[in-house]
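Shared chain: chain A. Partners: chain B in the first complex, chain C in the second.
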Partner chain A sequence: MTAFLRQEVRTLLRTRRTKIIAVVICYALLVFPIAMKRPPQSMVDLAGEWFDGDGSFTLFMFAYLDLSMNKVSMFAGIILVGGIVADERARGELPLLWSKPITRSRYFLVRLTGAVGVFAGIYITATLIGTVYYPSQVSGFDPAIYLGMATVHLFAAGYAVTLAGTMGVLLGRKIPAMLVSLLLLGTFVGVAFLPFYTDSPWLGWLNPFYHGVSLIGQMTTFTPADMLAPIAALLAFHIATAALGAWKVSREEQ
Partner chain B sequence: MTTPTAYAAYTRLEARAALRPHHPWACALLVVIGIGDGLLPGIPSIQHFFEAVFGARNGVHTILINDYTGLLCVIYWVGVFDLLRVYVTPAEERRLALYLTKPISRTRYFVSKLAPTMLILTLVNVVGMLAAAGGVLAFAGPADFRPGAFIATSLMVFALAVVMLAIANLAFLFVRDTYNAILVAAAVFIAAVLPGGMYMYRPDLFSPALKDLLVFPANLLWHEDDAPAIAAIGVPLMLAAAAVLTALAAWRLNRTDTIKA
Partner chain C sequence: MTPAIDIRGLTKQYKDVRAVDDVTFSVAPGEVFGFVGHNGAGKTTTIQMLLGLLRPTAGSARVLGRDVVADSLAVRRISGFLPASYALPRDMTPVTFLAYVASMFGLSGKPVRNKIDELLTMFDLGKVAKKKLGGFSSGMTQKVGLAQALINDPQVLFLDEPSTALDPIGRADLMRHLATLARDKGVTVLFSTHILSDIEDASQRVAILHHGRLLAAGDLAELKAAHGTPRMDDLYLTLVRGAMAREGITP
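So, the complex of A and B:
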């Protein structure tokens, strides 16, 4: 089984789309400080009002999570795994595949895990580059806060992969599945910060991307223990979604 | 040999196949967006944000900035997934050569797939416009709502989506699978909306002319008074550009060696 997983990861790493995703994430990370060099005072004030902290670094983290990481991960998800099983069905390979000594749910879960792993690898690499590069570029940058928030956000960004993979097997065909994933993820990302604007956290309970950014409300005060609740919530999202996909694929007809 | 009747039957089949289950869902999503955006001016910090950052002058502007963004996103992305059916998916699933060995000219194949899709997207857009207008009237009232400017501006948004789709459609002929096609489509999309996102953080980078040209969709509201005149020139121009791009794509499809592909 681990051989299959290893092979899946290696295959994904070799594809052009994975390389493009990695390049786009790193490029966004590197040019980002230019975009954030002189934010207008009104934005800084708003960030201080909505979230926590002195404004300028808060605004940086807000924009980093919202403009850069959330949106990139949304596309990365569907591009990495939009077609598990759906691709094989379209090519007429399913009967062959299901004759192999591997259960259907396991096949789905291994490929999903491989994609989540590849995405996490890219995300973690990017975050580490940011940790080294941003202190010289961003005034008031605190690597500990950045790492803590990025760690939590990794679980939300990775959820895009889990959701897109599951949607592929739920809907069975790649094109509608990718479109639904994109619109759903777009909605999640679009309203991720709504609980802060409205001061009503319940608006984010069912939104994984809110849990991914929720630490911005206690940016200056959170401890590693505070990271556990959102990570646990996100893990629950991952497990429930992947389990639904595994269940669906186990009931597939030939 | 083929007869006009065979062509007609084929065209009819394609027209029927162009309507997909996701189109009603897209309409439903636009209605939800229309209602959801209607609630935004009621949230003081959001209204304040759109006034301070995007120069909204009233609640209606806040609603419409969000409605136009939603309309562009939905029409563009639904269109992208419709357009994948023209070349990318058939090529990926090795059906394209089979299609094109039929006695149907490639141009006819192309047009038979594109025309009904365009018609359906137009209808989805009309639903989106009605939902947006409904949201404004229900939540903000008619006082600040200007129907003429609204219609002109939403048509501009639609024409922009059509140009973006025409660019994506041309680019799709150069890729071999859905994943890379979506990367291309995402690049077109990001190029269109990034200036608006950048403007939030770096308004100093934009000269007044650049600002009016690129900061979508707020720029359409800053010039509400001139919207009908801008649309009267802009919409035909953009549709013409889309037609040229589509003709280029048809030319390219005619030259593609699909048997080898």
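So, the complex of A and C:
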């Protein structure tokens, strides 16, 4: 199946929607320091109070994860795979594609994995650009902390792709699936920092995007070992969600 | 000789409708076999069962010795298939689409690129190889559809109404290709159609289906002789009218 996965990635990289997502993520990344140039002192103080570390860099990371990457990932996931399988069905392509020596669930999983992989590639590239660009733009910027937090957040951002793709096959129709994905992801993203504001970590246990940003609570002290728990939780979300989609698609008639 | 396709008592029941009813016939290796019936006769359902895309309600079928239910992926690996109704991805070109289909068979690299070149030449698609499929006519689309069915060098080819969208030249070319594949490469071809002249051009043996039931199967010349009908369309009409009379339907 590696040949199919490679071909799927190649196909996705050629699409207009992938190029748009890459441009939007890079744009968000590059203009962000300009928007965050002179934040009000009250916000800097609040960030220091809610989270961990020096106020200005903490505020930057909070705003970067919440306003920039969380929101962009949410839309990127929906745009990238919102109509997976449903689109092909509506266009009449499935009778041909599903007649090949691949199970329907594997077809779905390969396509989903390809989309997550493409999204991860864009995200990683953007993060590496940030690592080079931000030190000159953000006071107190620490590349190691930034990379560590972005590494964990990558799994949450990628979850937007997994969820949107799964919704496509669960609901079977593109527009309703995209709307439900938007609603769910919007809710997850909207309350991702709630456990910090209320000092109640359990409020985030079932929210992948909380796990994605959870290191902000120990920004100055986390070690690589601290990254493992949120990554493991996020992988479990990915696997459970994708398995649900694979199960649904395996039961479908043409 | 072991048949390439061996169907025994194949049946598909959908709630109140029996789409395929106790169908039995076989196709020899390297044969171009005609599968005839009106729209809704059960041809597509039978072909989908042969590829493991639909599960039979009763009966069994084997393709080159592989059971179509227990070993459906193996059947599809050695088969090529062109559905009766399908669309191609509008944003892909013939080259990218054929590479995409090849990858679903686990094929990639230079052999695939050579195969794609061969198929583009075979179906006269060289000039449009890098144009988006979205702008293709139905005849051109059908040629790409036929090319994708051959991307894996199949040993058995299932073509469901392959000539419907083709113009007379395209149809003649298709029949020539099928004969060449069977003669030179030993490919077994089962193609369904309701265009009776295609059957006479391409097949020595046929199966005729009507309302899911097999009316006749065997050597076309022998069937015509047995029913005193000189042409395929006379044979078909004689058999179908006989079946309708037995069902109490006035033709």
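In this text, the second predicted complex is superposed on the first by the 254 of 254 C-alpha atoms of A that agree within 3 Å, B and C clash if a C-alpha of one lies under 4 Å from a C-alpha of the other, contacts with A are read in each partner's own complex, and residues count from 1 in each chain.
By definition in this document, a residue touches a chain if its C-beta (ideal position, glycine included) is under 8 Å from a C-beta of that chain, and two chains touch if they have at least 3 such contacts.
The structure displayed is predicted, hence computed values, not measured ones.
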Based on the shared chain A superposition, would you classify chain B and chain C as clashing or fitting together?
fit
Looking at A:Ile79 after the superposition, I want to know if it touches chain B, chain C, both of them or none. Which is it: first, second, both, neither?
first
Counting only touches as set out at the top, which of chain B and chain C does A:Lys174 meet: first, second, both, neither?
first
Using the touch definition from the top, say if A:Ser99 reaches chain B (first), chain C (second), both or neither.
second
Chain touching more of chain A, residue-wise (chain B, chain C):
B
Would you check which partner chain A:Arg91 touches, where first means chain B only, second means chain C only, and both and neither mean what they say?
both
Figure out whether A:Asp54 sits in contact with chain B (first) or chain C (second), or with both, or with neither.
neither
Write the angle, vertex at the C-alpha centre of chain A, between the C-alpha centres of chain B and chain C, to the nearest 10 degrees.
90
Which of the two partners, first being chain B and second being chain C, lies in contact with A:Gly186: first, second, both, or neither?
first
After fitting on chain A: smallest Cα gap, chain B-chain C, Å:
9
Counting contacts the way the document defines them, which residues of chain A are shared by the two interfaces, the one with chain B and the one with chain C?
15, 91
With touch defined as at the start, can you tell me which chain A residues reach chain C in the complex?
1, 3-4, 6-8, 11, 14-15, 88, 91-93, 95-103, 254
Under the stated contact criterion, what part of chain C meets chain A in this complex?
48, 51, 53, 73-74, 76-77, 81-83, 85-92, 96, 99-108, 145, 148
Per the contact definition, I'd like the list of chain A residues that touch chain B in the complex.
15-17, 20, 35-40, 42-43, 46, 49-50, 59, 63, 67, 75, 78-79, 82-83, 90-91, 174-176, 178-180, 182-183, 186, 197-198
For the chain B and chain A complex, residues of the former touching the latter
20-22, 25-26, 29, 43, 45-46, 48-49, 52-53, 73-74, 77-78, 81, 84-85, 89, 92-94, 178-180, 182-183, 186, 197-198, 200-204
